[in-house]
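Next come two complexes built around chain A: one with chain B, the other with chain C.
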Partner chain A sequence: MSELDILFYILSSMSVLFGALVVLTSSPIYSSLYLVMSMLSVAGIFMTLNAPFIAGIQIIVYAGAVLVLFVMVLMLFDLKRETKAFTKGRFSGFLKLVGAGLLCGFIAGAAYESVSLIMATSEEIPTNIAAAAETGFSPTTNSIKEISKLLFTKYLFAFEVLGLLLLVVPIGAVALSRVAGGTHAKH
Partner chain B sequence: MGSDVFEISVNFVKMVAIFLLMVNLVPMLVWVERRGSAFIQNRFGPNRVGPLGLIQLAADAIKFLFKEEFIPPKGNKALFLIAPIIALIPGAIAFGSIPLSVPIEISAFEMFGSQWGPYVFPFQSFEIGIGIVFVLGVSSLGAYSMLLAGFGSANKYSLYGALRASAQMISYELAMGLAIVGILIVYGTFDFAEMIAAQQGPLSIPLFEADHVVNKILGILPNWGVFYQPVGFILLFVSVFAETNRLPFDLPEAESELVAGYHTEYGGIKMNMFYIGEYGHMMVASALIAVFYFGGYSLGTTLDTILVEGTIVPNMSALFASLLNLFGSGWEQSTNLINVVRAFVFHGIFMAKILLFLWIFVWVRWTLPRFRYDQLMDLGWKTMLPWALANTIITAFLMLFLR
Partner chain C sequence: MQSTEALVSVGLNHYLVLSALLFTIGALGVLLRKNMIVILMSIELMLNAVNISFVAFATYLDNLDGKIMVLFVMTIAAAEAAVGLALAVNIFKNFREVNIRFFEHLRG
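Up next is the complex of A and B:
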């Protein structure tokens, strides 16, 4: 076991632990702070997987921007009524059942999918790397240039559609704030 | 960290030394801030304890350490205690990943009866391939310390300060990021050392041929990024003031409205740690400005050639070797010693640039009045963001046509 393996086990157990704490704590502030820790551990895993650029983007976008906004907004809320509403009642019970079912499904699916990977012998694994090389991506070379080439040639459509999706979100937020009852309503 | 004992121990010492360099600059900066503010406002400043008031720093540090610890009883104790620690981390990690000088090349040598192979030691705590992305990511985590301090204190003024701080940091990060995109397009790299290498030589604008009259006249200037990205430089320079929460953008701690903002409830060494974090951010920002726009650790080609090929560095290393011989024998002039001394000379140049920008931070703080909050947001979103976008687009088109 090399030091990279040890680092991987530490970081992955950290991310799983903090991910569990996100859903297990009842205070939303603590939840979002645990989510930050989980994101940072995932960034560390990217770093051990020889993808420092993805790790940096993970830190900038998720830990540095999105979750700062989460924490900031959550501080302004007084969530006593909502906490009460979501601990009892038929609707929240239904949501909990759906959530638990989805989680079990995801875990079962992930376990089923990874059986072949765990059982694979060492001769079979290099074929995966060869398959990855066919997409034109090689992690050993200058990864930023490779990623940007792929983004602006092969995956251009998906990239632009995702950008459009993100543009829809602020427009929708502005539109919602202007309807009756919103924070910037005219009447 | 390294392949053998020597490399690992040198890397470890380097890591600790650069952290200590950052932390130990803080009291000096506090002194500069107090004396500088007094100089600007025509006062004396601290001048009683020691020469020029320099021992005042030690007195302040001792006072900070021995102050009574106070935790607000209705606050959130865990978050209140963890916030000052988080304040210290981003600045320290980001400063460690910036190369502070040329890498030191050590050829094979003999010590303690065994052969030690050739090494290359970069002059930074740790090398990370993505340079600027890492620095931006880590320093954007600084917002958490203010948020947690404001929330954990259970104080309305603290909460207001924390909200202002995070809103301001997120708003100005956009302009800062776009200003840096301009410089990334010009150099085509994320790596600090490559950026500095691209700024060597005399200034020559690609619009004209290399021996054109304009380029001959401009050739007396160094090939620094500020001549290619003047708008980007101004944008980055303004937005780092907002990112470090310094005046004219120190709305988070505006003492006339919010007592002391997010650190109202803090005292003693905990408040001091917020200060160290703030000064760490300032050092990172100054280092970034120096690397992007002012040639990093180089002084322009002519002076660099004098340092690399002239007799100054060998003479200095000979002097250094003879000084070492006073304590023990066996030291002599060698290429390794010359390389080490040269790296430290370039490090001195870089630190001089960083200190110059730190002085400008102090100067601006005690010269300009504070913005109002809506003015701050207008400046960030309605003025700086469009200028930064225009700068990025024009730079991209120019680079496309000039290639």
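Up next is the complex of A and C:
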């Protein structure tokens, strides 16, 4: 077991633990703080995957911008009484657990099958990250320069559409929250 | 001995299983919670899980397209959070509560 493996196990268990806490805690402000921790662990996982640029974007956009938005909106509300996280009932709780296990198994199984399919079609994939580090990830996958080249040539149209979307979304959000009665306006 | 070594040392499958776990947690949050803000957070969790598998495939197949796709997913996630929170503010203005059962009365 190399250092990278140990790092992966620590980071992944942290992200799953905090992700579960997001869903299980009843207070939304604690959920958002756990979500920050989960996002930061995911950024660490991106670092182990040799993608430092994506990790930086993850921290800036998610942990920085989106989560601050969540916390600020939570502070607008004064949620007096804390409601229970889940509806109660032993039988439905059992069904929820079984459903969760089945869903996770199906997704993991589908991913596993897809890996063997890709292995069959594509040539020579490093199956182990240590072996990959020995042969060396190709230096081009590392650089921001290569990513931006691709972004401004092959994906230029998608990039422009995304810019338009980012213009429309704040206007829509402001318009939605400025209407007097909201979605229930009386005409 | 060989098999345990292959199981412990981290490969593409490990990242995919982690992604599946996080996605399931997010999906359960969306399905089971009643608080609208927590539902939006669970959606962020699911998008993150998808990002992990995108980056894992991009690294192991030595292909940059996956990393570009992650940038797009993050932008969409931020936009979706903004609109969702605006709706939540609206719901709260009307009902003093952010429980999704009030969405039953949405109209227009």
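FYI, the second predicted complex is superposed on the first by the 117 of 187 C-alpha atoms of A that agree within 3 Å, B and C clash if a C-alpha of one lies under 4 Å from a C-alpha of the other, contacts with A are read in each partner's own complex, and residues count from 1 in each chain.
We adopt the following convention: contacts are C-beta pairs under 8 Å (C-beta built on N, C-alpha and C of every residue); 3 or more make two chains touch, one makes a residue touch a chain.
Just so it is clear, the model here is predicted, and its values are computed rather than measured.
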| item | value |
| --- | --- |
| First (chain B), second (chain C), both or neither touched by A:A65 | both |
| Which superposed partner A:L151 touches (first chain B, second chain C, both, neither) | second |
| Contacts of A:V22 with chain B and chain C, given as first, second, both or neither | second |
| Which superposed partner A:G56 touches (first chain B, second chain C, both, neither) | first |
| Partner chain in contact with A:M75 - chain B first, chain C second, else both or neither | first |
| First, second, both or neither for A:A111, with chain B first and chain C second | second |
| Which of chain B and chain C A:V98 touches, first, second, both or neither | neither |
| Per-residue contact with chain A, leading partner among chain C and chain B | C |
| Chain B versus chain C as contact partner of A:L162, first or second or both or neither | second |
| Common ground on chain A, meaning residues reached by chain C in one complex and by chain B in the other | 53, 57-58, 65, 69, 76 |
| In the complex, chain B residues that touch chain A | 128-130, 133-134, 136-138, 140-141, 143-144, 147-148, 150-151, 159, 162-163, 166-167, 169-170, 173, 190 |
| Contacting residues of chain C [partner chain A, same complex] | 8-29, 32-35, 37-38, 40-42, 44-45, 48, 51-53, 55-62, 64-65, 67-68, 70-72, 74-79, 81-83, 85-94, 97-99, 105-108 |
| Residues of chain A defined as touching chain B within the complex | 29, 33, 36, 43, 52-53, 55-60, 63-65, 68-69, 71-72, 75-76, 144 |
| Interfacial residue positions of chain A with respect to chain C in the complex | 1-2, 4-5, 8-9, 12, 15-16, 19-20, 22-23, 28, 31-32, 35, 38-39, 42, 45-46, 48-51, 53-54, 57-58, 61-62, 65-66, 69-70, 73-74, 76-77, 79, 83, 85-87, 96, 100, 103-104, 107-108, 111-112, 114-115, 118, 122, 125-130, 132, 137-138, 140-141, 146-147, 150-151, 155, 158, 162, 165-166, 169-170, 172-174, 176-177, 179, 181-185 |
